[in-house]
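These notes concern the structure reproduced below.
Here the chain labels run A, B, C, D and E in written order, and each chain numbers its own residues starting at 1.
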Amino acid sequence: MVSLLKNRGWIIGFIAAGVLFPFVLPNAYFLHILTLAFIWMIAVYGLNLLAGYTGYLSLAHAGFFAVGAYGLGLLTVKTGMNYWLALILACLITSAVGLVVGLVALRTREHFFAIYTLCVGYIIYLIIDKWDSLTGGVRGLIGIPEPSNIGPISFQTPISQYYLIFAFLLFTILVMYRIVHSLTGRTFIAIRNSEDLARTLGISTMKNKLMVFVLSAFFAGLAGALYASFIRFIGPDIGYITIIFDLLTYLLVGGIGTLAGPIVGTFLIVALSQSLQFLQDYRMLIFGPLLTLLIIFYPRGIAGAYHDWRLKRKSAQRTRPQKEQEYFETEESEKQVKEG
Amino acid sequence: MDIFIQQVFNGLTIGSVYSLVALGLTLVYGILHIPNFAHGALYMLGAYITLTMMLLWGIHYWIAMAVSVLVVGLLGVLMDRLVFHPLRNAPPIHDKIAAIGILLFLEAFAQLIWGADYRTMETPYGQVVNLFGMTATTQRVLINIGAVVVMILLYLFLKKTYTGSTIIAMAQNREGASLVGINTSRVAMLTFMLSGGLAAVAASLSAPINLVFPGMGHLVILKAFVIIILGGMGSVPGAILGGYILGFTESLGATYISNDYKDIIAFLMLVIILSIKPKGLFSREGF
Amino acid sequence: MLELTDVSIQYGSFTAVENINIHVGKGELVVLLGSNGAGKSSTFNTISGLQKPSAGTIVFEDRPIQGAGPDKIVRSGIVQCAEDRKLFPQMTVKENLVMGGYVHRRKRKQVNQSLQDVFELFPILQEKKDQPAGSLSGGQQQMLAIGRALMAQPKLLLLDEPSIGLAPLIVEQMFEVIQKINQDGTTVLLAEQNAFAALKIADRGYVFESGSVVVEGTAEELLANDRVRKAYIGA
Amino acid sequence: GCIDNPSNQSTSGGSSETESEAPEVEEGEEVVSIGYSGPLSGPAAYYGERTLNGLKLAVDEINNNGGFEIEDQTYKFNLVSLDDKYLPNETAANAKRLLQENDTPVIFSPHSGGIKAMQVFNEQENFLIGAYTSEPAVTAEGNTLTVRVPPSYDGYLEPFTSYAMENHGMKLAALPTSSQYGKDWTEAIVPYWEEQGGEVVYNSSIDFSKDTDFFTLVTNALKENPDVLFIGGPSEPTAKVAKQARELGFEGGFMIMDQAKLDEMEAVTGSYESLEGSVGVLPLANSEYPGTPAFIEKYKEEHNEVPGSEAGYHYVAMNILMEAMKAAGSVDDPKAIRDHIQDGLDALPEEKEVYTIEEIGEDGGFATDLSIAAVENGEIVTIEVND
Amino acid sequence: MLMETKKLTKQFGGLTAVNDVDFTIEKGKINAIIGPNGAGKSTFFNLLSGTYTPSAGQVFYKGQDITKRPPDKIARLGVARTFQTTHLFEESTVLDNVIVGHRLRTSSNLWDAVFRTRRFKFEEKKCRDKAMEVLEFVELTHVMDEQAGSITQEEKKRVAFALALATDPEVVFLDEPTAGINPGETEGLASLMEKMVQRGITVCLIEHKMKMIMKLADKIMVLNYGEKIAEGTSEEIMNNQAVIEAYLGGGASA
């Protein structure tokens, strides 16, 4: 329970920083970047629940992000639906798509799952790109409204949108925290650690995996819908694979399977990428190697490295030291020749 | 009927390129468990190096290609040493992101050196030939023949030589391989060398029918991943078959179903195949 | 022939083996006893180069080998048959064995001869020679692992708990085989739980406890040692 | 105001390699920052760079000539360019940054996604968009602070069609790029072609960013034996399409969408021979606008290649912008500048007229004189457009 | 009779790993399966616990046909198992491992987790209590905060027991529970198995350690090449000629 209190400290600090930021640094550009980063964080949390805690690396999430964004965009633009209703529907639509995809995709494992979902994501992208009459094709969708007023609160200014999205992020974190610290979360982690064992312990892995998958798609969809109403223009490229790679990068640099990882990683990479802008055409010349080095030297991400460091400090005082942390994914095929 | 034959040939041509790229990818993926997203960048560099050799020093096409195979192969080795070797105990997702870092770097690098614009590679084999009622250029015939030759050589190497078996052994148990006396680092380098070489061959063969530009790797890399999964991860025959299946799906799909939706058809087909056979057409035994 | 001097092994900050001294003479059969986690496998992996010692020297035939790569060590004549076997699961039994002869790959005749010898030793392997190694039962895999190690015609064979998971009949045969291998001129370093059976065929032994050698001596001495009897023979 | 404090500017000199080069500012001069956000890395970088080069050339020229004066105050331009990888959200972020950090009154962007993303807030945050796109939606929505630079393609339909019909025949196969631009073009040309009594025997598109080989598609396009092939997109891949059509035995003519330039295509096909019978826009290099030769000369000097229209249009646009600022008497009031664009057009000196732009339309689009060319007997010939 | 197999058969390609085996598991007893390597013992277990589906034949649990059920459903009926190579959630602590073991007896879901309902609180506590209970049973409370990957082999075997017990089983299948541990420790595990039986849990195990089996088992089945070649009490098996030939050999040591 001590660690929980410590976590609380971090969380309160984070909330305070988020709330105070616009006052301390009234900079429209930073505000914009930060709001966008919050949106990515929500999507990354969704991905983290699936990839980090359950061990299924989905590359379809850019597609889900796009489904959420287009869901909201089409409902508001084409049917003129109320924003909030559309937001809820967009998330539900994404979850439904997630359910259908998950039913088949979750039969595959490891690399196959990754590539399968990559293909699903790509198909979603292609459909958005080709289905001109519905999505506007490459032209994209313009005129997406900003969030409509809730009573006296309006969301027309960048600051109000910032707070709105920040609130959604906090909601996401709360949900994640509660899931991870529960029997349900333990079940997910058990599946990640060994699916076979989980099954022999009477855990219906398919049901659980499907649940995570849908939930994870839900958050990707939520992020997408928020994106649509923040940028207010969407094109098919938000469903393209570069987006999923961005999300993965955020997750991995921050620390996969950790609660702080999505925030840390997204913030760091977004900040890095923005501050390398002065390099122009050649920024990838620096960014690429930097990314690679981060992965090599902080394989468990920044949050993971911090965690290890604390563990090491703690274990230095113990008589029976902990083993070095291993990677959570073990190469099944290498480690055990055969069961039996 | 004519158009059918023509499209079969077109599918064969494009399938040959896909197969060659997929082969390089499947080797690294199957043996070292590295999903090398930077493979597309190796492909791109392969084309640029051949092109530069031809333009700068006026070297003959084939020699330029040989140089390119060597250089890109070495680049693959370098990549292994600098990035993937330190990551050898990490899960594949790390490799994935590291590879993306390399990809971004290499593309920016190519842009720095060669500029961002499209280049053309002239080939000595631009002549048009008419065979069996279809039209092709000598270059296209060469792509087909070249691919088959490379595939046969690779197959013989893996199946018939001891060095080839060491690659397969290492694919299955790295520590086991070192316990029988195999230098696993060297095999890893060899694998990357082969993989880079294959990318360079594919690029040099196909560049004359398309263009050379920093983003050209994107054209093939995603499809190559689809192919190696379709064929069964790490399976050499699977990669070859998968490449041709995709090639035919594209050419015949575009002709008889819909051009605009041909990519969707190809990817849907993969999704369907994986739904039925979650481990691909050939499982690992097919090596 | 093999001399470990003050060897320590660490995993991160955890010391698995501390300052051990072991020597194995040519032609000897030496056994390492010790309960689980005592550090036997760690020692083996360090000798065969999979693991680097954090301190100490390992000398084989008058040449220091600590820190050399596993492939070099195999070529110098030390071959390990690992505890978790480390087979090539999708390769056939025969292919596994042939890979075992990797260091002698240029001498095709010799490899074929070894293959016949191994088949003679373990007929079941011949029966299953075209089956993938992964589909064998635990015991069959163990035989394959030993067979593969023998294919390299080692001067020093490291056997890490070869009897684990084997049927009594097979265990008996296994120890006979080990003895035979040893009598045919291969030096053997054996790690075992099954202390009684092991000491019966061994020349000398070392007893490990939590990473250190606590007792050493000839097989007779160890068999007579009360503490050893109590802990490892269970009588 | 949009005036940067000169003392903050590093004096990095006029080297054209550094991207955000600050001008050398002398005592009493002030700096106006101009923003740019476009693809400078990734697959579309070649395009982004060409557009940026045009702006840069104009800015350098203006600064080297001592800047410009408004009411006795001398100003120089500072071009600040940011990479957006062709992604709309990045363009929006870049725009926010340019506004926050450089207070740019004008931001250029060469892709419709980015432009649309900026249009969401450009009126609110008060900056002018220099839109390089012929996407109609950009001007159709009535954004008051958008200037569309390139001409709309409507004017090409008639001359292209009549040339192709007269010289080749009535059967058209359409195989342009699958970008929105290509699709819009096709949607305009197909009905027009049919109205003129022609027949469209094939209609599909090529995605140059996804297709490794075009043979399949070209084969299909040719199977109905068309007389004319409508192609287009970036020049180089378009040229490949033309070349492969020839390899497959196509003997008719090409009708080439205005994005591709005949001279750039020739660089790929090796000669104009395989493009024989094509009709397309007149290459900038062959144009006879008053300012063209000087521009080409300068551009070649800087970049060692013949400029295309992207560079040309950006160059003109920048110069027009300066004239508009002068006419408006303000460098920091986007509305005023927008209202004086027409004055700027009128005031543009002849030697800067890389293209002759007569007027700016109601919707904010430039109306350019179209010039059309064909390849006849292996040479470029100008085709007269009769309005 | 708790479980029963009828003509149970499993083929892998051309190989018949388990061939026409009829076997009954007696309630409240220790049932053992022995046989040479590759005889099909582990495969037999995998069939009973649903990890493999049989090629032919049936499995009954308390009279119910459970032949085609997936492993998680079978586990919920009260069938637990351990694996030949010890299988744990290596990255979690021992306690967390065992807590998950009781998951199948709970029903709280995402909703409960997010809204921290009464049921959530109740079941969290229930699982924790259960975990503590079984850890005490296997005498492992002193390592409960260690990572499962870092404890000794013998402790791992005990955790595997604890995991199986946490599922509230009626029968546990133990595949070579004492492989790779020394005689002293083996005895400890043997008495643990006896303790389990005293608690009313039926035990079914595979072992090669004859001394232990003979002492422990109430009933032994011998498999050879997938076929049942003998069944009976220790004495019967010890003196069965076929078994001696196929398996025990002359010394019947260790």
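We take it that contacts are C-beta pairs under 8 Å (C-beta built on N, C-alpha and C of every residue); 3 or more make two chains touch, one makes a residue touch a chain.
None of these values were measured; they are calculated from a predicted model.
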Under the touch definition above, the chains in contact with both chain D and chain E are A
Which chain has its C-alpha centroid at the greatest distance from the C-alpha centroid of chain A? C
Using only Cα atoms to place each chain's centre, name the chain farthest from chain B. E
Compute the distance, rounded to whole Å, between the mean C-alpha positions of chain B and chain D. 36
Length of the line joining the C-alpha centres of chain C and chain E, rounded to whole Å: 30
Between chain B and chain C, tell me the centre distance in angstrom, where each centre is the average of that chain's C-alpha atoms. 42
Can you list the chain C residues in contact with two or more other chains? 85-87, 89, 135-138
Going through chain D residue by residue, note those that touch at least 2 other chains and give them in order. 41, 45, 49, 178
Would you please write down the residue numbers of chain E that are in contact with two or more other chains? 42, 84
As the complex stands, chain E meets chain A at residues 42-43, 46, 49, 51, 70-73, 75-76, 80-81, 83-85, 87-92, 96, 99-101, 103-104, 106, 108-110, 112-114, 116, 120, 123-124, 127, 146-147, 149-150, 163, 166-167, 175
For a test of understanding, state which residues of chain E touch chain C in their complex under the given definition. 12, 15, 34-39, 42, 84, 152-154, 176, 179-187, 208, 210, 246-254
Enumerate the contact residues on chain C facing chain E in the complex. 35-37, 124, 135-140, 142, 161, 164-173, 193-197, 230-234
Residues of chain C defined as touching chain B within the complex: 48-50, 69-71, 74-75, 79-80, 82, 85-91, 95, 98-103, 105, 132, 148-149, 151-152
Counting only contacts in the complex, chain A reaches chain B at residues 51, 57, 104, 107-109, 111-112, 114-116, 118-120, 122-123, 126-127, 130, 241, 245, 248-249, 252-253, 256, 281-285, 287-293, 295-296, 299, 327-329, 331, 333-334, 337
